[in-house]
Each structure stands twice: as structure tokens, then as C-alpha cells.
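You will see subunit A twice below: alongside subunit B first, and alongside subunit C after that.
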Partner chain A sequence: MPPSQCFPGFALLALDRAAHHSIASRSLLALPHTPRFSTSAPRYGPPPRKGMVAPPKRGTKTLNVKKGKSSPSRDTTKRPAPGDRKALRKRIVLSNNNALEVPTLQDLHKDTVLSGENEGLVKGLPEDVVDALRAVEAFKPTQGWRLFRRPAILMRKETTLLAALFREVEGTANGQAKMTVRKVLIGERMSGKSTMLLQGLTMAFMRDWVVVNLPDAKDITIAHTEYAPLPGSQPTQYTQDIYTANLLSQIAKANQSILGNLPVTTNHSLPIPLPSKSTLKQLAELAITNPEASWPIFVALWKELTQPGRPPIMLAIDNLSHIMRNSEYLSADVKPIHAHDLALVRHFVDRLAGKTPLPNGGMILAATSGSNAPTSPALDFSIQVAEARQLNPESIPQWNPYKNVDQRVMECLKDVGVLKVAGLTKAEARSIMEYYAASGMLRAQVTEPFVTEKWSLAGMGNIGELERVSVRLRV
Partner chain B sequence: MVQVFGFNFPEQTLVKRLLETFYGIGPKVSQRIMARYHIYPFAKVGGLKNAQVLELNAELSNMKIENDLRREVQDNIRRLKDMGTYRGRRHAMGLPVRGQRTRTQITTARKLNKIERGGLGRVQM
Partner chain C sequence: MPPRLNIGSFARGIRYRAQRQSQWRIQPVIRTAIPRCRFYSDEKDPPVATRSKRIDSQSLPVVSEEAAKMAKITGTEGPELEQGTPIEEVVKDDKEAISKLPKVMQNALKAKPLDSTPKCSRSYSTTTTPTTAGGVDLGLVDFNLKTRPEVPGVKFGLPTLPIPKDAHVKHRYDPVVDQVTNLLMRHGEKSVAQRNMALILEHLRTAPIPTINPTRPLIPGAPPPSHLPLNPILYLTLAIDSVAPLLRIRSQRGAAGGGVALQIPVPLGQRQRRRTAVQWILAAATRRRHVGSGKGGFAQRVAQELISVVEGRSGVWERRNAVHKLGVAARANVVLPRKR
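Let's turn to the complex of A and B:
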């Protein structure tokens, strides 16, 4: 670019002077030759490439709509810490400060919990039982405990049946073999099977039984916890150390008053030393610090509990169909492991099948689930058979010979009894709705037509639906 | 950090993911390896026992993965090329090898069909 085309700037004179040494000392106004401001380059140069615009002036605000790392629209809020979301999802809320205290609500009492007089009444759960139930994860996040001031249960017809079974177990005369009740709770979705299980656990806690509750069979079989083959088992069984350790800590916490008073009587060959004169609670708590030894500890604890003179045992599981099929675990030769090959499940299933009875008596209770139940044709069929056996023994259904049968499941449920959790009667519905109204959660007069309406809307007294239409659904 | 097969992995990495970072291990092979050592599908590296890490290392060092496998694949392609076969030439040109049309849609071939297939690999510690 020739200098003659350019417009010289005054301010640059001093700089340009350096180029012209000969005149620099004499003339301040000598014309410079180097251009400092020119529009020619952009005018004659190639057009600017797209996306290569000059950056904005410092301090000006610009609209930045670019996607990507530095764009301001990116969500910069703090993420919840690992485990926070799950904790929120699994949170159990057992009280509602906005609900009214029900003055007529009476707590269950140890002496009367098994009596038939409670039928049709809503009863409160004593605080220590609530703590124990919470420790064994008997409350489920989907249940409506968070709606009321404190946990209370309706003693329905099925509860009375269950209580009668408890009385039978406890009433076995000395010298006779102690009775073991084995029941599967069945019923429609939201008919209160898990709550019935909770009621069973409540009775067991109040009658000073030892309670072992597997809160959800799904957790055992969906392969979310560590597993390892049990050495020396034929065919191979698999132990789940972390899960078992957690279960043992739950057992120790929930039954602390009973286990704390029972001493260890036999010598167990445990991989870790057990202090002498320790109690069963200490034995169970040993697993918390040594999860790798949790299975031998569980076996030892069970052996202790089945010694003569020990309290009856309540063994319960929810969501039964998950353990009546193949688990998600894989064996060493990449074959699915049947749930019954998991040591803990095997332990439960053997008792449910009646293969190993409980010497001190007790109850094995399993609840099916209506909402999260993988198909298990053998379980469905066994339940049908058990129902038919109770109702009309003349016509027992036959297995379709063209279908594959899971023989182990059939074997296990061969002679198990079922307890059908059906809809509430209108009297029971009225009782619980009066409790809803007294809690201030149902703002209506509980009259006969109102109860009938809601009872019908709830599919003939399905308690989950009844709660939904009368408490949860506010119109 | 846990070292497996010469690479460091943070504790919170899934074992499945760890295995599948290696050239030559995909979903099936990782499932097989994990089942063999009784590692559950959602296991994280931090949760592995020391013995399991050693077993994994031993298993991986006996397998043809990473650079060994890359070399084998590259050698196979180079052999085709050196013999002057059509397949070798197509590989060298980065074009489809098995008679596909080349008018459109040959991005996969462009991406994969090279003499140095699989790249140079990661650098081991």
C-alpha cells in the first residue's frame, strides 16, 4: 500500500520520527510515512470467514446463544450428592404435623393385640414397635403413613385371622411339637398385603417374638449387591455378604431387647473370634464390622435361635415373586443363578416349604406384590392350587403340560397355605373413614351413603383405593 | 485409583465399564469375565477385593486384547494388501470391501477401512 493514499495521524509523529533520523531532530511537523489508520485492508481483503468475527469490546454485554461448555444457559445448579436422590426416594415419613391428633385412638397393647375384640377398630402403634418396624424396613414409601399424625392400623378381618394363627402357635402345649405357620398373603393390587405383613410383624414384635424380615425380595435378586459362591456347597450356593450384614444389623436393632438377653450357648466355628459370654445381639452386630463373615454369623445366629427354650421366630418377606424365578446373577459359566441357589433365599424358602420346621414354633409369612411382580407362572399356579385346596378341594387346577414348569418353585409351594387379603367390609371401611375424618384428612361427614359411595368407588373396599378416593384425591 | 492391566481407574468406575475400555472387550466378553469372578453387574472398581483385582489382571494378561489384537487385525489387513488382493486394495483405499455400492453411504468404510485399523492404542503406564 503506497503511503500517499493514507491518512497520517498526528499522534504518531513521534514514532515515525524514528524512521527518519535525518530530519527527526530538526522538524517536529515532518510528515510521517507509516500509516496508522487505514480501512483499505478490510475493504480489499478477503471477506471474513463465518464465525470469526472480532470479539466485542471489553465491558460490553453480548448475547451468547452458543451451545456448549462456556454458554451461560448451561445448568450450573449444584447436583445432589451421590445417594441423596435415593435417600429422598426411599424416605419414610411417619407423621404429619398438619393432621389432627385423634383423641379416641388407642395404642395396641401386648395382652390384647391377639384378641378378636379389636376387629374393625383403628389402633395406634406403640412407639417402640414403630422404631422396630422402621428398623426392619416394614414401612414402604408408597404407603400413606405420611398423611396422618402417627402410624395407626385398621384391625381388619384378615388381621384377626392372622392373630388367631399367632394364638395357635403360642398356645401349643408344652411337650407337643411347636407349630410353624406358613402362609402366603395374596390379594389384588393395593389390597393391603404389605400392610398385612406389617401387622403380622407388629404382632410378633409385641408378643416378643424374634423378627427376621426381608423387606423386599427384589433387593436380593436383582444383582445390585455383591455375591460370592459359598465354599463347600453342592450344588453351589451363593452368599451375599453386604446384604446379609445389613440384614443382621437390622435384626440386632429391631430385636435388641430380646437378643440382648439371650446368651450364646453353643460353640460356633466363626472366622472371627467371638468374646466369651456374649449375647446374640453382640453376635449379630459382629457382622456389621466384618461383612465377609456375615453368612457364618447368620447361620450361627439362626442355630442359636432354634435352640430349645428360645422365643418363636417370625420370618417374613415381601414381594415373593422375585425369589420364585431366576435371579439376575450369573454363575461362573455365565448361566443365570436360580433365586433358590442364593443362600439367604434358600434359607427362607426351605422354611416356607416346611422342609426345616422351626423347633420353637413361629410363622413364615410371605407377601406377593400386585405392582412390582415379575411373572412367575409356577408361583401363580401354586397360589391357585392353594386357594382351591382351601375353598373347593374337589376341583384343583392342573398344570398345563405344554408349559415349562419351574419344578423348584412348585416343590417349595406344594403345601403352603394362603391368606387372601380381600376388600374391606363396609363396617371396616366406615371405621377407617371415621379415622380419616377425625385426623382432618377427610373433610366430609361420614354417613352411610358416603361410605357406600367411596366403598364402591374403591372397587368393593380395596383399602388402597379407598385411601386414594377419600384422602389423597381432594376434589 | 486402581490399576488394572497397566491403566489407572478411579474408584467409582463401573467394573463393566473398565473392562469395556479395552480394545477387544465388549458387552459379551465383559459379562463373561465378570461372571467368572463373581463380580456383580453394578460393581464398582473401589468395591473389588484385592484378590479380584489380581484375578482380573491375570485374566486380562492372558487374553488377546489391546495392542496384540490391534496388531493381529492390522497384520491380517496388511497380508491382504501385500498379496495384492482386491480386499487389500479396497482397505488401502478406504473403500467398502465386500461389494457394497460406493455412490453414497460409505462413511463406515471411510472410517474403518485402513491399513492401520484400530489406531495406535493407548499408552500403558
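Let's turn to the complex of A and C:
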């Protein structure tokens, strides 16, 4: 998979230099003269003999680059190539050959994944789903997948709630308008929000939805990928071609079984020719070779997916607060660009706000982050309001009128729902700790007092902390 | 429901003399409310009480109180000391009556009994789970107030013997892990050292099974190598104990004469042996190439050094052998206590 970021313009620089060089040589031809300063003679002459060079005068400082006792021996071995260190740091390992195979672990099945009977059980992920999840970068390097034999998830209470939403979307009758669920996952740090997002993606993959996942909003807004104004947009929007091309290749790879069977039905005015009778997969893959056309391709793909009779769409993003503020990009008049002015973010935010519903139904899921979240007061406030709307509608908090408000964020999150990812119950904690023990990663007898002890050490069932105190041997 | 005032729990009985019924009748209707004791404004002691602490100088309690005490001693039912009408209990299941209660009492009835969780941003907070209806469950292990033990003078029962080794708060972790963590620590940053320790153990448990070199034997009684990754603490202990030197060489000035220091081998205790071994391993790990980036680099290098120690590839083994060889050569210098 090509990285989302790249440094453009080196080729242009080289061209520039060549141009200047040619000018210089021509001017030299016109005016030949001897150079006043040249290092050629000493460079190409024989090396001076040892006694010939006079020692430096007393008291003068000289540069000493000799290898000696005073200078430590330098490591002359080859350094890792650029990007290798980061690749090593961000590597996703999903299996540990030392961990024991859990005999009782059963895979999720397409028919039962949405039923409530799985609640409180640890379930394995089927291999094709793991590949798809890996393709959309749903696994994160900080999560503990590398400790176990194969990826498995705990079906907790919140998962059941999410599954109920899936059932609602799928259960709408033919005549009615299809439902679009819009939810923001909230919760404390390490409470499993990203994993809950992954569970949502899993369900979507298993139910043959089309999945579009923006793995980390930070990558879109921190100005590490190139951008260009979108022609004909008012106010100006900005496309990110390399990132969009990468996203389209991820979509094509993760949903290949679905997109490979859907033909292109309408005529799109794309800058590059599309072969007749092509599938949506071919349409998406067109962007890999033509990243400059990736935004029109993305728009065309979305238009195809929203034709009647197409599968529901799962649109997800992690680390929401990065797109609820100004991005790091600058406009032509050196003003910060609001993240909602980036075309890709705008596309997501319009769906999250409910401005453009999904005609075939689907789910818009956004997860907040507890560990890498820039402050976004409007987002925090909107989450508080949404929580209050669910819990006690009598006392809804009011925005402090003396504070600046990011009106676009408030507009966007006006009526979005939240799903709070809280702590595990003790039964759930016991279930996952039994899985830890069966994998050989937890060397203890899983008894009631033991579970209770770890559960309370983990801040009353915060799953990240639970993993930390029980599996990771973090003192 | 807030608990009613329990007068019996006061250190000293509050004197209250029941007024006669005839006095009540002549008072206006409003005044005939529930009689109240105003504890902060009323006089604590009746005027007859003196300041003396002697029992015989203190005034007798009120009749009803005395009767209650007597009844308690004799084990019979005495007079009810509590004053006022228990309105909350009376209207408990009567919705209509509750709706006619004064606002203050309604609010008091409505208020949740310490059930709402406080706001807190800590990850280790105790707020993660919304508490259930049955009150706050703090997850205290084996802490049951209802079953008081029969042993007198012990509040929470006697512990079961023998007390486990890690029951002491200062020795709750494995001694090797503790020692290595402290040796990993730089500039007093123990939390960083603990994180590195956890990462080292994680590397050990995800690394492939080591192959043992027969020329570098591990300590006798070592488990088969296939068991090691599943028990990373044992892995660590085994690596450290296997290369730990048995002795150190002490150089005594002037003992040999002629300006030469006398080399005297000195035996080491277990903790000292481990310390030496860990310092050797850490020195070897620092010299390794740093391949990755980020926080876990050093932990990874230490873990690789530990694995190479167990596999017999590490240079630490040579160091240990050199110390042992020198010790054997200098064994004549050991001064033993004279035999009688």
C-alpha cells in the first residue's frame, strides 16, 4: 500500500536547475575567461609528502578529524532507508506464534453477527474480514493484537447496541426511505472507542456493506499530504489527490468482492477514459495510476454507490477532533484553511450532519480519541449536548456566550447521536480474562476475587487498563 | 432517604424533658409542630450540670432515658427514645401523600443517595462504569461488612496463614522484575523504567523460541526453551541468573608489596550477582545498533540482548568467564579464618 504522504516537486526542482545550468553554460561560451579561483590544481595534483606540510603554528587551533582514542569509534554500517524506521514503528502484527490456540474460540458468522446472543463472548474474526480490516487500516499499533494467536474481539454491551442499529438499518421495509444512523463514539481514554469502531467495520464487512474508512483524521489535516484548490468551488475547497488515491485503492481492496460485481451504470465526465462495461472496482483502481484524477473518481464512485439498489454504506472516521478545527493547511492568502473546506472532510461532514442522507441506508460512525485529541471546544460542547439530550433532556447545557464559537462545527454536530463506550461489566471482564488465560498470556487462575481485583485496578472495567494490568505485565 | 437522627449515638444523652399535654393545648396551632432539638443553639448542658468530671457529681439522666438504659441492661423493651414522626417511612409507598409533602421533603426523597458519579478526567478514575441501582460498587475484594467475624477484637477477621509472599505492599512484584526495573531507571524516572520493563517482557513473549547453545549451559533446572516465551519473567530470570558471576575481584593496595595490588576474589550474594549481570547486559544492549524509532527502542535492544544471552551468543558470557578465570587464578590470596 503506498503511503498517504509524499513530498512533491523534487522533479520540478531538478528541471529548474537544468534550465539554469544551460543558461550558465551558454553565457560562459559567450564570454570565456579564466576562473579567478579554482581548486582543480590541488585536487588533481599528487598528494603532498608527509614531511612537506609544515605543522601548524603554536597556539592556533586546527581541525582534528583523525580516529583516535579520544573520539569514539563511529558506527559506519548502513543506516536504515528513509521511512524504514517509521514503518517498523507503525507495523501491525496480528499474530503471536507463542500464544496458545484457544480451543473454545469460535469465529463470528454472517448470520449471527448482529444477534444479541453473542453478548459477553469473545469471538474470533474470520480471515477475509481480517484482511479487509487490515486494508482499511482499522488495526492500530497501540492495540494488543500482537500478543494473541489471531485477532478476536469481545462482544460487549455497546457492541450489541451497535448491532441493534445495524439491524434497524437493514430492517427498513422496501417502500420506506432507508435509514441512516449517525453516531459519535465517546468515552474515556483507553475505553475501547477505536476497537468499537473496528467492531462496527467488522459487522459492516460481514453484512456485505460497502465500507469507506478514514483511518485517522490527523493524516488528512496536518498538512503532510499535498493539496490543491478544487476548480469551480465556491467557497474554495481543497482536494488531496495522493491521499484520495490511496483511500480509493484501500476501498477497492477492502470491498473487492462487492465492488467487483457492481457495474458502472451512469456516464461520468472523468478526465481519463473509463473502459465500457467496467465495474466499480475498476473505477476505484483507476485512481491508483492517475492520482491527479482521484477526486472526480471518488465523486463518481460515490454517485454510483448511491444509485438505487446498491448496498448500504458504512462511512467511518477515527480521531474526530482533528477535523473539527482549522487544518494546518494555508490558503493562497496565507490564512488557515478550516478542515471542513477540505473536500474529503466536507464529504464526510455533510453525511455526519445529515445534510445529504444515504439513499440506500447506512451508518456514519465517528470515534473521538482520548490520547491524541487537539482541543475543539465546539466538539466537546456538542458531545455534552448530545449526551444531555439522551440522558436528561430537561437540562441541556448552554454555550458560554462570551466564548468564540466555531459555528460550522456546531452546525455539523447539531443533532448527531452519541454512543458512550463505558467500562466493562464484571461478567465481560471475566469473559475476556478467561480468553487471556486460555491464550497463555495471563498466568493466573481466573477466580472471582482475581477478576474483581483487576477490574477495580482498571478503573472499574476500563478495557485498556484491564489489558495493561493483566496481560501486559505493566507494574 | 436520609437517616433519621439517631440520638442514641451521641456520646452524651441530650436532655429532653417531655412537656405535659396541658401545656400543648394552650399554644397556637402553628407552634404544635414536631418538637425539634436545636443542637447548635440550645444549651448543651442543663444548668444543674457542673463542670466536674466525677460521676457522682453529674446529674441523672431523664426518666425515659434512664428507663431505656435499664431496659437495655436487663434485655427488655424500653421506652422509644426517638422523637418526631418518621414521615418518610409513613408516606413511603403512597404517591399521593408524597405529592402533598412540602417541597424540601420531596427534594430530599428525590435526591439520589450518592449514586451520581463525580466528574474526573483521569484514566484511572473510578467513574468508568455508571453505577448500578444497588449503590456504588467499588469492587473491593472480599470486603463484606455484613458478615462480621466471631473473633473478638479483630475488625476484618484473621488472615489465612501462611501469608502469601507478595502480600506485603513493598514486595508485591517479582524480585527480579523489581531489581531490573530499578537498574533500568535513569534520572529517577521510574515510570519510564516500568514501561521499558513491560516492553522487554512483551518482546520476550513475542520472540521466537530460543535455541540453547550446549557450550553455554544455563543454570541447572532450567525449563525447556519452549516454555520460556509463555513465562517472560522466568525467561528474564533465567537469562540473568545464568550469566551472573559468582564472585568479584577486589584489588587490595599494598598487600602484595612492591606497589602491586593484591587481587582477592570475594563471593557475591544473590542480589549482587544479579545486579552485576544486569549491568553487563544493559551495557551490551546500549552498544547495540538502534534500528527503529520511538520510545521502545532501548527496551527492544535489551530484550534482544537477553535472548542472545540465553542462546549463548552474547559477549556477556566471555566477561563472566574472564572474572571466574581470574578468581581461580587468585584463589591463593583468599584469607580464610584460621582453623583451631
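Heads up, the rule we're going with is that the second predicted complex is superposed on the first by the 401 of 475 C-alpha atoms of A that agree within 3 Å, B and C clash if a C-alpha of one lies under 4 Å from a C-alpha of the other, contacts with A are read in each partner's own complex, and residues count from 1 in each chain.
Quick note on the criterion: a residue touches a chain if its C-beta (ideal position, glycine included) is under 8 Å from a C-beta of that chain, and two chains touch if they have at least 3 such contacts.
For clarity, every value in this text was computed on a predicted model and none was experimentally measured.
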Requested in this report: Answer with clash or fit: subunit B and subunit C placed together on subunit A by superposition.
Outcome: fit
Query raised in the report: Is A:K110 touching the first partner subunit B, the second partner subunit C, both, or neither of them?
Result: neither
Requested in this report: Return first, second, both or neither, reflecting whether A:E226 touches subunit B, subunit C, both chains, or no partner chain.
Outcome: first
Query raised in the report: In the superposed arrangement, does A:R189 touch subunit B (first), subunit C (second), both or neither?
Result: second
Query raised in the report: Of the two partner chains, subunit B (first) and subunit C (second), which one does A:V334 touch, if any: first, second, both, or neither?
Result: first
Query raised in the report: If you stack the two complexes on chain A, which partner ends up touching A:K355: first (subunit B), second (subunit C), both, or neither?
Result: neither
Report task. Quick one: classify A:R36 as touching subunit B (first), subunit C (second), both or neither. Result -> neither
Report task. Look at the residues of subunit A and decide whether subunit B or subunit C touches more of them. Result -> C
Query raised in the report: Given the touch rule stated above, what does A:N98 touch, subunit B (first), subunit C (second), both, or neither?
Result: second
Report summary line: Once superposed, subunit B sits from subunit C at a minimum Cα distance (Å) of 20
Query raised in the report: Where on subunit C does subunit A make contact in their complex?
Result: 122-130, 138-142, 173, 177, 181, 194-195, 197-198, 201-202, 205-209, 229-233, 289, 291-294
Query raised in the report: Which positions of subunit A touch subunit B when the two form their complex?
Result: 223-229, 238, 328-334
Query raised in the report: For subunit A, which residues count as touching subunit C in their complex?
Result: 75, 77, 80, 85-86, 88-89, 93, 96-100, 146-147, 188-191, 370, 422-426, 440-441, 443, 449, 452-453, 455-456, 459-462, 464-465, 472-475
Query raised in the report: Any idea which subunit B residues touch subunit A in the complex?
Result: 31-32, 34-36, 38, 40-43, 47
